[in-house]
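Please find the structures below.
Two complexes come next, and they have one chain in common, chain A, joined by chain B in the first and chain C in the second.
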Partner chain A sequence: MKKISPSEVFADLTPRQEVWYKLRSNRSAMMALCVLLLLITAAVLAPLIVSHDPYEQLTDTLLAPPYPADGNRPGFLLGTDDLGRDIFSRLLYGARYSLFLGFAIVLFSLVSGVMIGSIAGIKRGLTETLILRLMDIMLAVPTILLAIVIVAILGASLVNAALAVSVVLLPHFVRITRAAVISEMSKEYVLASQLDGSKGWRLFFRTILPNISAPLIVQATLSFSNAILDIAALGFLGLGAQPPIPEWGSLLSSSRELIEVAPWTVTLPGLAILITVLASNLLGDGLRDALDPKVDA
Partner chain B sequence: MSQLLLRRLLLIVPGVLGITALTFFLIRLAPGDPILLLAGERGVSAERYAELQHQFGFDQPLFIQFTDYLWQVLNGDLGTSVVTQTPVLEEFGKLFPATLELAVIAMIIATLIAIPAGVLAAVKRNTLIDHCVTAISLVGYSMPIFWWALLLILLFSVNLGWMPVAGRLNFIYDIQSVTGFMLIDTLLAGDQDAFLDALHHLVLPAIVLATIPLAVITRMTRSSMLEVLKQDYIRTARAKGLSEYSVIFKHALRNALIPVITVIGLQISILMTGAILTETIFSWPGIGKWILEAVYRRDYPVVQGGVLLMAGLVILVNTTVDLLYVVINPALRKQK
Partner chain C sequence: MDSHKPFLDVSNNRVWFNIPGPGVWQRKKQILKAVDDVSFQLREAETLGVVGESGCGKSTLVRGILGLETITEGSVKLNGEELTTLDKNTLRLKRRDMQIIFQDPLASLDPRMTVSEIISEPLQVFQPSLSKEDRKQKVQQIMQRVGLLPNQINRYPHEFSGGQAQRIGIARALILKPKLLVCDEPVSALDVSIQAQIINLLMDLQQEMGLSMIFIAHDLSVVKHISHRVMVMYMGKVVEMASRDELFRHPRHPYTKALMESIPIPDPAIERAKRGAPLTGDLPSPMDPPSGCNFRTRCPKAEDICAAETPEWNEKNPDHWVACHFPVI
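Right after this comes the complex of A and B.
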């Protein structure tokens, strides 16, 4: 029987179809994708799903345990916190903060990282050296520490924490873009486009950017999980979202002293963070395998 | 090779200079007048204000202030804590052994588990063992460690009562600080109970701090081993009739370890990030908790000096790892 090489199988597929085909055959990545889509849908539809207002304090149901445990109140699937607020609604509303901020942070880092990185890659020379040195310096400061310093200066709030995290994630995008731009610039299709009269940003956006998107997509997915982790860590340290905002990290920090009396107020928000981060890491790994041409061989 | 080493060493200079500039200018961006902040509620008279401004050099242009600060840093003066009035460097020196002790124990735990686990997963590729190792390391890699710390406290301290919740040593023991490393100090004092108590205090924070490096090193060992096992010289070794043990541990592992050692060294940044969270949760008196508390108290000299020292440490360790990489990698050593 004739052996079919992978490149022949994919021969009549467009590159996008090929990536999708490979991703679909990766079971854990597909599971992760489903979990993320479910989370996003639940976060968007949160007001329709929950039966209690996440900020409403019900004084007659303080610290009710989650469903199967004794003393659970009907209607409070995951129990209540020390102020009688429904944990399920708070987690679901928290997902809105975590996921939305995750997207916003990644988008901000991605766009500014691509801008700075492409300037470095196209201009070269002194500009490139200065940009790269600055990025090296930023990478030398441990991520949370840099974010903490930025938040300390700007003041503790969710927006400032998000800004700090996007600054922290920036250097990776800059370095990836620069390296990719430099390797693409020497290729013939770029030269052809240049001969065609294309130059400057137009050359970059129309010709080069579509060809360097693969590593950027992978980095964006992995940065999404880092963004969620870092935002939660800052919230936990009291430097991000402030109460009563139900952001997952600040939920953890406010329930820390309840660990003995109401352990579910500690376990549930952390589990939400872990599931989201795990899913986006799995999807990132899957995307890397699907987009990396080396994997066929 | 010596030229390569020299060039790499010289690169430390712009790095440290850059960190100094970054922290200096970032702190200057902070809102609020530092002198009014120092004076607190009582306020300060106009003459005293001008006098203080002159004393701290705030009346100088920013660039002059920076070069002055740089000169101070070069002379080993990182300023004085506004809160405790102790030199920043002295406080760092007192607290650093606690962080170092925690980080070293964490790295020992991580390496001792990760390398065998990674090798096992690679050798038993696509078996149940491999899938378990890969899955666990992925979970570890995604773990919010501040939550992981709370879970361990919940299980081992609150429910089982096996481990203490916070600190380095029970206050009933009075141990003289010689090295600053509690495990060594208690041994030097010859107090066995205190040593065991110190060990007890160390277990949970060390596990928490080890989690992410453990996951990263396991993944790296596994993929590096898989790469090496595909090589021709491994086939040659097998063809020579060497035992499987000899093939894996003498031929494959030695080569697979080169990138792994680099990754181990590069964990320093992750360890420092982890130290801030871990030390805060376990009230571990190290530099992570110190810097965070300085942020809460707006003790800017400590924040500035602390960040500079921590980042300097990261640069130093990363450079050392780079140099070691050249030394241990025969392929790089040959091209003089």
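Right after this comes the complex of A and C.
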């Protein structure tokens, strides 16, 4: 009996279709993708979805519990906090901050990390040593401490916190890019491409970058969840989003003392963070497998 | 053949590398003479076979010619034009006339590019004005010519066997219709049955396109099949060069002779009765080559003069050059 090899299945597919095919067959990645898409849609459409203004304080509905529990007030699906604000609205508006900041931070770290890392990998010599030692110093300081230092210098605000987190995440991208660039540059196909006349940017973007994208994509998704976590941590410490901004981390910290009275006020933002982080990690894993041409579905 | 003008003229080519010596504080620079004083001429539509042990400088020589290694001294002329003095960018453009096929077919293909992207890359760089359809048509033509199927156009290199991958490498090298093709051990990573297919393909293509080829191999039977002339290298130097038939029938240099005798014959009776002793000893360290003739430490005919004087590069018979004090008659 003839066994059909995966490459025969893929024979008539374009490369992009093939990646999609492989990703689709990965159940956890697909679920993660759905969750993330749902989150993003909900965050974008938040004003249309919520029934209450996230900043509106309704003094007659203080600490209402979420839906199935006794004492739930109609219209407040996830209950209210100690100032009578609708938690569902606040979480959805918080998703806007967390997701957008996550993307922005990762994009900033990724682009600057790839640039610095490839300069180190291509130039070598003294430039490389200086860049790497600087990154080593940054890595030697605990990330949240370094972020706190940067925020302390720049002043506590959401933008400064985002900047601090992207600087903290930078060394990983630099090191990964540098190592990958060096190992790819020594390979014969890069030489072949140079012989075919490629040089400079074309060589870098067409030949080298696609081949180092796999570890970068994985790192980017890990960093996305790290960024959300770090921003939340800074918010929790009062160094990021300032009240009354409904950022998830500051939601956690402002309701911290209510954990015994109204556990949902703490649990729900925590769950939101957990779900987002888990989904982005699972999607990252799935993407890594799908993008690797050597892994057959 | 003799009526052809030299197409590629390499003279007194030297590629030396500075090697940092051992020790951290007092690094004494040592010199590795990977290619030392090599001269040869390649005629149009001719195949020059280059043979020699691993590490004898075959690859370094052709890399120097293509401008991939810096040539310490000497000149390389392609169609009368000096290449060693060209600046980087001009040399880059010149490379459309000089292409190379690598030893490891898979490693030389970008794993993230499809076959059509790999083969069309030279076109995109050198003929950017070409329309998408024309480019695709050219890719399909050359794919068909080298024996690849049209439906393989969107596949990735790892889906191919070594022989098929080498066909992709050949297609990429030939799509710009170069004049010089350097084959750096193109078949040594392949199965014997596939080797024959690839070699026959290369020979056909050479005739069709009038290619000049430099064919590096350590397998003498392969070289014998494909070459018009053969050059034997030992420790960075050319020891003998002659037409294929002349060299295989009358090897003059003891090293060439030893190489010829090392070809296994698939008949135990003949194999056992082989005259001449096999080579003994190892390749001397290239960092510290023997005085005089490089080969004297392993040569059965070595005498005092071999240690004292470097043998001259002489034309012993018409078009048969050899560097030895005591060439075999």
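Throughout what follows, the second predicted complex is superposed on the first by the 257 of 297 C-alpha atoms of A that agree within 3 Å, B and C clash if a C-alpha of one lies under 4 Å from a C-alpha of the other, contacts with A are read in each partner's own complex, and residues count from 1 in each chain.
As a convention for this text, a residue touches a chain if its C-beta (ideal position, glycine included) is under 8 Å from a C-beta of that chain, and two chains touch if they have at least 3 such contacts.
Because the structure is predicted, anything quoted here is derived from the model rather than measured.
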First, second, both or neither for A:125, with chain B first and chain C second: neither
Quick check on the superposed pair: does A:207 touch chain B, chain C, both, or neither? Answer first, second, both or neither. second
In the overlay, answer first, second, both or neither for which of chain B and chain C A:187 touches. second
Looking at A:274 after the superposition, I want to know if it touches chain B, chain C, both of them or none. Which is it: first, second, both, neither? first
Looking at the overlay, does A:148 come into contact with chain B only (first), chain C only (second), both, or neither? first
Between chain B (first) and chain C (second), which does A:68 come into contact with in this model arrangement: first, second, both, or neither? neither
Return first, second, both or neither, reflecting whether A:256 touches chain B, chain C, both chains, or no partner chain. first
Looking only at contacts as defined up top, I'd like to know whether chain B or chain C touches more of chain A. B
Quick check on the superposed pair: does A:197 touch chain B, chain C, both, or neither? Answer first, second, both or neither. second
For the complex, give me every residue of chain B touching chain A. 14-15, 18-19, 22-23, 26-27, 29-31, 138-139, 141-144, 146-148, 150-151, 153-154, 158, 269-270, 272-273, 276-277, 280, 291-292, 295-296, 298, 303, 307, 310-311, 314-315, 318
Chain C residues touching chain A - in the complex, by the definition given at the top: 66, 68, 92-93, 95-96, 99-100, 102, 104, 107-114, 121-122, 125-126, 151-152, 154-156, 158-159, 169, 172
The answer for chain A against chain B in the complex is residues 133-134, 136-145, 148-153, 155, 225, 229, 232-233, 236-239, 249, 252, 256, 259-260, 263, 266-267, 269-270, 273-274, 277-278, 281-282, 285
What part of chain A is in contact with chain C in the complex they form? 7, 10-15, 187-189, 191-193, 195-199, 202, 206-207, 210-211, 213, 293-294
